[in-house]
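Take a look at these structures.
First chain A sits with chain B, and in the next complex the same chain sits with chain C.
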Partner chain A sequence: MGDSQYSFSLTTFSPSGKLVQIEHALTAVGSGQTSLGIKAANGVVIATEKKLPSILVDETSVQKIQALTPNIGVVYSGMGPDFRVLVRKSRKQAQQYYRLYKETIPVTQLVRETAAVMQEFTQSGGVRPFGVSLLIAGYDDNGPQLYQVDPSGSYFSWKASAMGKNVSNAKTFLEKRYTEDMELDDAIHTAILTLKEGYEGQISSNNIEIGIIRSDREFKVLSPAEIKDFLEEVE
Partner chain B sequence: LTRVWPCELSIKRTLKRKKANGPTSPRWGKPGTKPPPRSFLLPQSNPDSLLQLHIRDSGEQQIEATKAPLLVALAPSPHSDQVRALVTRPMAGSMDLPTKGGFDFGLCRRNQMLAEKQGLKIPGFLKTGTTIVGLVFKDGVVLGADTRATEGPIVADKNCEKIHFMAPNIYCCGAGTAADTEAVTDMVSSQLQLHRYATGRESRVVTALTLLKSHLFKYQGHVSAALVLGGVDCTGPHLHTVYPHGSTDTLPFATMGSGSLAAMSVFESKFKEGLTREEGIELVAEAISAGIFNDLGSGSNVDVCVITKGKTEYLRNHLLPNPRTYNSSKGYSFTKGQTEILSTKITQLKPNVEVAEGGDAMEE
Partner chain C sequence: RVSGIQHRQTASYPAHSVLFIFRILLLAGVNQPDSPSSPFPPSPPPPSQSSSPPAMSIFEYNGSAVVAMVGKNCFAIASDRRLGVQLQTVATDFQRVFKIHDKLYIGLSGLGTDAQTLYQRLVFRHKLYQLREERDMKPETFASLVSALLYEKRFGPYFCQPVIAGLRENNEPFICTMDCIGAKELAKDFVVSGTAAESLYGACESMYKPDMEPEELFETISQALRSSVDRDCLSGWGGYVLIVTPTEVRESVIKGRMD
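What follows is the complex of A and B.
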């Protein structure tokens, strides 16, 4: 890296003490499609709207929710290609952790390592910050957990959170509807209703994506048929 | 079968040319010149064939071979733990740099010097001295292994696990150096998991096979792992053997390890196509038992693994033909009077025993 002409960081402080590039990255996130996550008493649900640029796009080829390990999944708001890079790196880090400690990586550790990668890109030469915010959902020995990671590399644990276009409305909605002892199925209904709030157009099983993790610790992305069942329950 | 590497021919030409030109004055030391690449001459059993590796001095080791596209690692004195350290080093840094393959030659000169001058005996490694087998039956693959790990003449582990997990539908038996088989199977298992995430599909046996053989070939036989790899994927059941130098075979039945001849004799006489699951397990157990009873390097119990489409059963300690029969199950009891008392001497301890109230003496 040292020999290149861009061995200086492109993310520099402004006189007011802000890192303007990170602010811009957050703006990019804020104009991305809405995604949200809810931590229930016995699991976590993450969901996102999957608006495709045209009806001709094959929606089965687009996967916005990905599994990082068998018990940890992630969804994003922002730039899809940046998300793919982070998913690849996180998966590799989870494998390396396993090979080193022969223990499946705890959710907090994976979040920390992913956040460290995102921070590196705000302080290295010739690179720009990632234009995504991640919602990482997992279930390990410390129970169900939901974390949000920002382009700056800061991470927070949430009981329920939303990101992207409709964030303020979605968060208000979640604040009203969230209860501590929610069951996972209630959480899924709440998630669908929250997405419906800000959705422009008709919500259906093909234009939203939902990922859940129950106490069996198996992260799975719901199929369109399963989403349809939940949608019908909500109606 | 001696193979002549293409690089050997070009090296001979280089040597001839260098001899013809005569000794050249040192080109480094003048401003603006870099020192020439260091070249290591590695002792080979055949003095006519020299393999030269040029290592560029840039702080990072990039091992390049003169005109040989594939050449990498050679170590005069392999240390299984050093090789392992290279294999399991976690990747640092945020950028996905291309992996720097090959052996780290830093300590080779020192090892050579220690061996020659100070007569240091290079430590041996734990070999498994094993019987491992595999066969293809009607619905899938059956793998079998014994459970003895030897360290020379000593049994180091009476019940070790030689059937390693690669993927939910692929298992691998390992013979050779225990550390090498463990490390190599763990590494490939990890790579297969990443590949499954990237593709969203079940792993194929040939993928595991290719990852294993490329790794072993890269290390030119110094990673002493002889494997029997079996599994069932979307293209059907597969069984392969992998040798330490990186060659592979695809077979309907296979045996490896020091007990392979005993096991192969059983297979050759009793194997037939289209065995049922029970017949397959019985035949594998029989082959491993042949190895256990006729080979000193194999012993203890029989482990079996049955892989079919969609289901894998790992039958740990399927047979226990060597139980410990010399221990009394009732335990030992010695009644009073069985030991003859020859003499008695009673020494009084000091009558004044002071109990100190020491609450602060013990610090946590």
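What follows is the complex of A and C.
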């Protein structure tokens, strides 16, 4: 972009009114592995590609989808280490809420607080924004919810969304396939098909990760065996 | 005191200053070595005109009585109206029961200033909660918040004992009390606090029965409050009773013994 001379300090606006570091952070997200989420009538599903740099990497040690509370899970696109820091902070905030109110944190509140953390890093000295966008999926008293949080700290509630490399194709595919009264199992199939669309190579139960939350409000990451069953149903 | 001192010959001092020195020694109670011991042992200083009463606990400084009771899909919360400075009554319309939202009330017994300040802090927290979460706080959540706030001041506490009463989302009544550092105590029937607490325990225990309708609950709690504060010199001067049902809130001021 033409205002590269303003891209050195995060806390300085460029003449076009942008914070260029945030634009760069979004680029980092855009070159990360594809991840997506779909909100069904009775639950939420989030999924991501898990392309490892080499076949020698132990895929069981890599966990891209994490639980923030027993009823809220999160997936990302972008820089893995930044994601780990955010997961840690969010988990702590959820526990602080519980300690104060003895009530599990509502999804909107956790999203709001995580977004506030990300925003802090766009307005403090000597730090850089997080290079991740998050998809937070949860089920609370307000039903199933799916939120996307960007490096700038803005958050949006989605019915279905995608992030990362293949975002435009994935979103077009989701727009065609999404229906309001989708059941969770349909949503899982749609998620797998969407990932398959943009996948370079052969999709298998070891190179994607899926997390779901049903009306029982327990977030779980599917095991490779469970993913295999869904994959077979799709094919 | 005068008899214990003997006049001694001193040289080269003017007479009036010698007498002055002796008067000072007299006042200090200093005995001359060869004088007989005084027949009167040193007496304690005479009591001052404005006598201070025996030491009172800080919880008894202002005097208070608060009680909450559970009825059938309703609850009642009541308090006395006296504000005293130790034994002197200073106000007869002091408010101890405060509204947090339509279905949640808190009564604060103990030190009046702490009751007011604590209430202000709690309302502040609840208003922010309402704005953030776009809903009212549930009674159990509020009780946890109060407990946490009180424990924050563990080593310099608020001298208050809260009584919390509310209706849950399914309109089931909820009551609880806690000590001044936040130890929660839930109850199914009634909770009491204040200087009249022991009398209140007795009165409530004998007068209470489960599943009372609002009118009967009102009578029961008023009688329990009135008879208990009559036995306590630090609380009384009338009562203030609130009956809360899912559809309405009834406030009444009870007339009692004004003493």
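Following the convention adopted for this analysis, the second predicted complex is superposed on the first by the 224 of 235 C-alpha atoms of A that agree within 3 Å, B and C clash if a C-alpha of one lies under 4 Å from a C-alpha of the other, contacts with A are read in each partner's own complex, and residues count from 1 in each chain.
The criterion applied here is as follows: a contact is a pair of C-beta atoms (placed from the backbone, for glycine too) under 8 Å apart; a residue touches a chain by one contact, two chains touch by 3 or more.
Note that the structure is predicted; figures quoted are calculated from it, not measured.
Judged by the touch definition given at the top, the superposed model places A:88 against chain B, while chain C stays out of reach.
Contacts of A:24 after superposition: neither chain B nor chain C is touched. Contact with chain C, but none with chain B, is seen for A:109 once the two complexes are overlaid on the shared chain. Once the two complexes are laid over each other on the shared chain, residue contacts for A:214 go to neither chain B nor chain C. Of the two partner chains, chain B is the only one touched by A:67; chain C is not. In the overlay built on the shared chain, the residue A:100 is in contact with chain B and with chain C. More residues of chain A are touched by B (comparison of chain B with chain C). Residue overlap on chain A between its contacts with chain B in one complex and with chain C in the other: 99-100. Within the complex formed with chain A, the chain B residues making contact are 88, 90-91, 94-96, 186-187, 190, 193-194, 197-198. Against chain B, the residues of chain A that register as touching in their complex are 1, 66-68, 88-89, 91-92, 95-96, 98-100, 117, 120-121, 124.
Chain contact summary for the complex, chain C toward chain A: residues 132-133, 138, 140-141, 144-145, 148. If you check the complex, the residues on chain A that touch chain C are 99-103, 106, 108-109, 112.
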